[in-house]
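First chain A sits with chain B, and in the next complex the same chain sits with chain C.
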Partner chain A sequence: MKYFELFELEPRLNVDTAALERKFHALSREHHPDFHTLATPEERARALETTALLNDAYRTLRDSARRAEYLVRSHGLEIDSSQAPASMLMEVFEINEGLEELRAARRSGTGAEAMAEKADAVRERIADKRRTHDASLGQAFDRWDALVGTEASEEERQDHLRTLAEIVAQASYIRNLERELDEEAPR
Partner chain B sequence: MAYSDKVVDHYNNPRNVGSLDKSQDDVGTGLVGAPECGDVMKLQIQVDDSSGVIEDAKFKTFGCGSAIASSSLATEWVKGKTVDEALDIKNTDIVKELSLPPVKIHCSVLAEDAIKAAISDWKAKHPAEAPAETAG
Partner chain C sequence: MPNIVGIDLGTTHSLIATIGHGVPRVIEDAAGRPIVPSVIHFGGDGTVHVGRDARDRMLDDSGHTISSIKRFMGRGLEDVREDLELLPFEASEESENIIRIDVFGREYTPPQLSALILKELKRMAEAALGDDVRNAVITVPAYFNDAQRQATKDAGRIAGLDVLRIVNEPTAASLAYGLQEQKHGTIAVYDFGGGTFDISLLKLSEGVFEVLSTSGDTHLGGDDIDQALMRMVMDETGRDLEPHELQRVRAASRRAKETLSDSETAALEIPEIGFARTLERDAFEAMIAPIVERTLLPCRQALKDAGIEPAGVDEVVMVGGSTRIPLVRRKVEALFGRTPHTELDPDQVVALGAAVQADILAGSRRDTLLLDVTPLSLGIETMGGVVSKIIPRNSTIPASASESFTTYVDGQTNVKIHVLQGERELVRDCRSLAEFDLRRIPPMPAGLPRIEVKFLIDADGILNVSARELRTEKFASIEVKPTYGLTDEQVETMILESFEHAEEDIELRLVIEARNEARQILEASAKSIDGEEYAELSAEEKQRIASGIAKLRSTMEGDDHQAIRDAIEENEQATHRLAELKMNAAVRKALKNKRVREIQ
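Coming up: the complex of A and B.
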């Protein structure tokens, strides 16, 4: 949980990213190697090391999915590699088929207006998946945060982390769909 | 990182792409996904009820070249085998055949999972056919 400590934060999942950014800039200035040119070589080396660590920590904590991943891994758990629910996979598969139809329509010279309409339909389905996913991630975040600083048992914590790992593991499917759509029909 | 010739061949000329009617009694469907990369793979088998031989297999994969090649190869391999023989196909066989690099091993795992999922779906439709004793 080094990253949270570095920013003097409790290990909560809901993070005020604006405050995190301000803290990052303040700490970066404090430890920037340029401000330590008169220090001993050891001190300069340490400043450089801290700066690198700060950058990693900031990149990890500012992104909600990476933050959750970090928390899960820090507790010795892996992101769940078991199968996502069948209904979820089915939907992802169908949306992929929708993207495939979109590509086929473009190749066969479908007009711009009809293409835009088709793209919007796929976009809406992906956005819907994204909303559902973000909502369950948000709920898992809230449940975890409610445990921080309480007397909750280790078992209860691990239970929450496992649920979190399951949800985080589904993020890649949605990211893929978003990327594919972006390539096919950029906004 | 360059793909092996065999991966490129399966990618450019995928075997058995398509779908079978999953509502049919003799069709088993496996739909699996890889959380590492977001790939999804559907593999279907059509089985002769009396002999348990896989007569046809189709796949459809949304993913990288290695995932497509792994599932294409998997459909080639299961055809003509009995369901019990097909269960013996290991992801390491796929890795070897396609010379997959370590970062793409999960694609072969996905193909093995897809075969197993398709077979268990078919078996669920045929509760009477208990796993037969394999001769020898």
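Coming up: the complex of A and C.
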């Protein structure tokens, strides 16, 4: 959990990103290699290491999906985003079907307008899925944050982490769908 | 604090800038010209001209003039097949992974050639500043990959410069406009130069410039526009042109292009091949529209990567000579919906910004900080020729990632790691960066060693790799084989070579200095012999002086400065008594009318 520690934060999932950015800039001003050009080689190497870690931490913490993924993995849980999570199978079936239709349409030389129409339909379905997903992610974040600093049992924590792992996997599966759509029909 | 200069090492021209009284300024040569053409001319007699002198020789001796060397930096033969035609010299057979150009029987790599340009800039700055210049910030296109950045750094080392930082051109440009005064906003830097196109989006808050995304095309620039015009001329001429004729066509095309930035028509006249026509701006714009359109693709990619709509951009900064073209300005204005900044000379913006970055590194500006990103994802080869990404593109640098590796065979002591750069899934579609050979892994049963490899992209955008076996806490040794580019050893050799040449220079200077002194001695001796004191000398002394003068005369024809020095010394000894006699005579003359008491 060194990323949270670096920013002097409790390991909570709801993060004030504006405050995170201010802290990032303040720490960068302190450690960035640009301000240590004239230091000894050891000090320069340390500035480089610290800044790399700082940048990695900021990249991870400022994005809610990456942040959650980091938290889950830091607790030793794996996230498998290669397959649709069982809980989403029915819902993503339609989207995958839409993508397949789009591919077939492109192969058969469908006009740009008709293609755009089809793509918009699929895009709307994915956006819809993302909205419901974002809501459940928000709830999961709140539940986890409520546990931080309490006397909650290890069992309870692990339970929450498993739920989180699943929601994070869903998020990255949705991202993959979006990417596939973008490749098929660039906006 | 020693001087730190900012250098824009460009495809068609290069500049060097520094900070004077807190303001960045481009350094000019003795004739007051700031721009050094990135052109090198090799004379058959071993002379090398760089810059304007080389460009002046281009028309008459194109066969020995190298331009656009930046296009070859960090690239292999396959990458530059098309551009090879532009090279007047043959690339050697061994050029597969680094171009080697045969110039009168001596091979030069692109970093060595770029080093010649850097040395010229260094000389110019030293003349202007009256001081040594050893530290530099050098700019590269944001889209340069690891090998291209390393090649640029190598060029600096070969030129005798300590390259403190490699900075991306568009990022540097954002510093030149002093936009930090505005506190907050989103900036787009559109950099359309001679050979490359770059777009960067930055977020500014309280003096921190954070690059959000960057995109571009390393093979798209004003040269392509020149070539479009050249093709038109060649089509209309209807015959194959000789290389020297092509140079004329190129020069005339470039002039016509430049004229059309200010005028509605331009005359395209090449008397050497009997070609003459006028070109309307409309026709010109229709011809180059596809090229300009190609710059908008990376712009849209960068906007998407940053998660910004075109209208969300507050400031647009124009960089590079090609942004003088009205069509380019119109297209950019249409995309972002605002008038771009064109107040500064687009050819100087990058160098000026590099000087500001140099000033930051010198510790003079704590208020400004530039946070740049890596333009390409870094990945490693996994089973089945698939690339596993470990540092995504547009990550703020320095950036790092750790990966664990293990062995597949009992007692295996080395593991190979193939590192690549690029966005595609398969190894064959990405750019191979280097192969790392982890060695001296303590022998253990298969799968037991845990080798943690740390990949670190430094502030120059260059990869550093270190490895550690976690069970034994031993550092495994790494041998790096860069896929494109020079090994450290090769660079060292080239630095040594350039030192040898530098030594030749010093030798020459010492000889010239010794000769000058010898000349003065001989003049003085000639005068002494005419004087009355000479008569007082013995025959033997006179003989010694005569032979000393003769020896010095013959020695100074040669180029052994030590021998000349020895002869000077011998002369001085021979004339020692004569000098004493003259001194006494002079003293006697001065004291003639004075009393002893006054002397004491």
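The definition used in the following text is that the second predicted complex is superposed on the first by the 171 of 187 C-alpha atoms of A that agree within 3 Å, B and C clash if a C-alpha of one lies under 4 Å from a C-alpha of the other, contacts with A are read in each partner's own complex, and residues count from 1 in each chain.
Keep this in mind: a contact is a pair of C-beta atoms (placed from the backbone, for glycine too) under 8 Å apart; a residue touches a chain by one contact, two chains touch by 3 or more.
Please read these numbers as outputs of a predicted model, since none were measured by experiment.
Enquirer: A:Ile79 contacts which: chain B (first), chain C (second), both, neither?
Expert: first
Enquirer: Now for A:Phe93: first (chain B), second (chain C), both, or neither, which partner does it touch?
Expert: first
Enquirer: Quick check for you: in the superposed arrangement, does A:Ala52 touch first (chain B), second (chain C), both or neither?
Expert: second
Enquirer: Where does A:Arg175 make contact in the superposed view: on chain B (first), on chain C (second), on both, or on neither?
Expert: first
Enquirer: Mind pulling up the chain C residues that touch chain A in the complex?
Expert: Chain C residues touching chain A: 1, 164-165, 205-206, 208, 304, 357, 360-363, 366, 369-371, 395-401, 456-459.
Enquirer: What residues of chain A sit close enough to touch chain B in their complex?
Expert: Answer in residue numbers: 79-81, 83-84, 86, 89-90, 92-93, 96, 100, 169-170, 172-177.
Enquirer: Touching chain A in the complex: which residues of chain B?
Expert: 31-40, 42, 60, 62, 113
Enquirer: Per the contact definition, I'd like the list of chain A residues that touch chain C in the complex.
Expert: Residues in contact with chain C: 21, 25, 28-29, 32-35, 37-38, 48-49, 51-53, 55-56, 58-59, 187.
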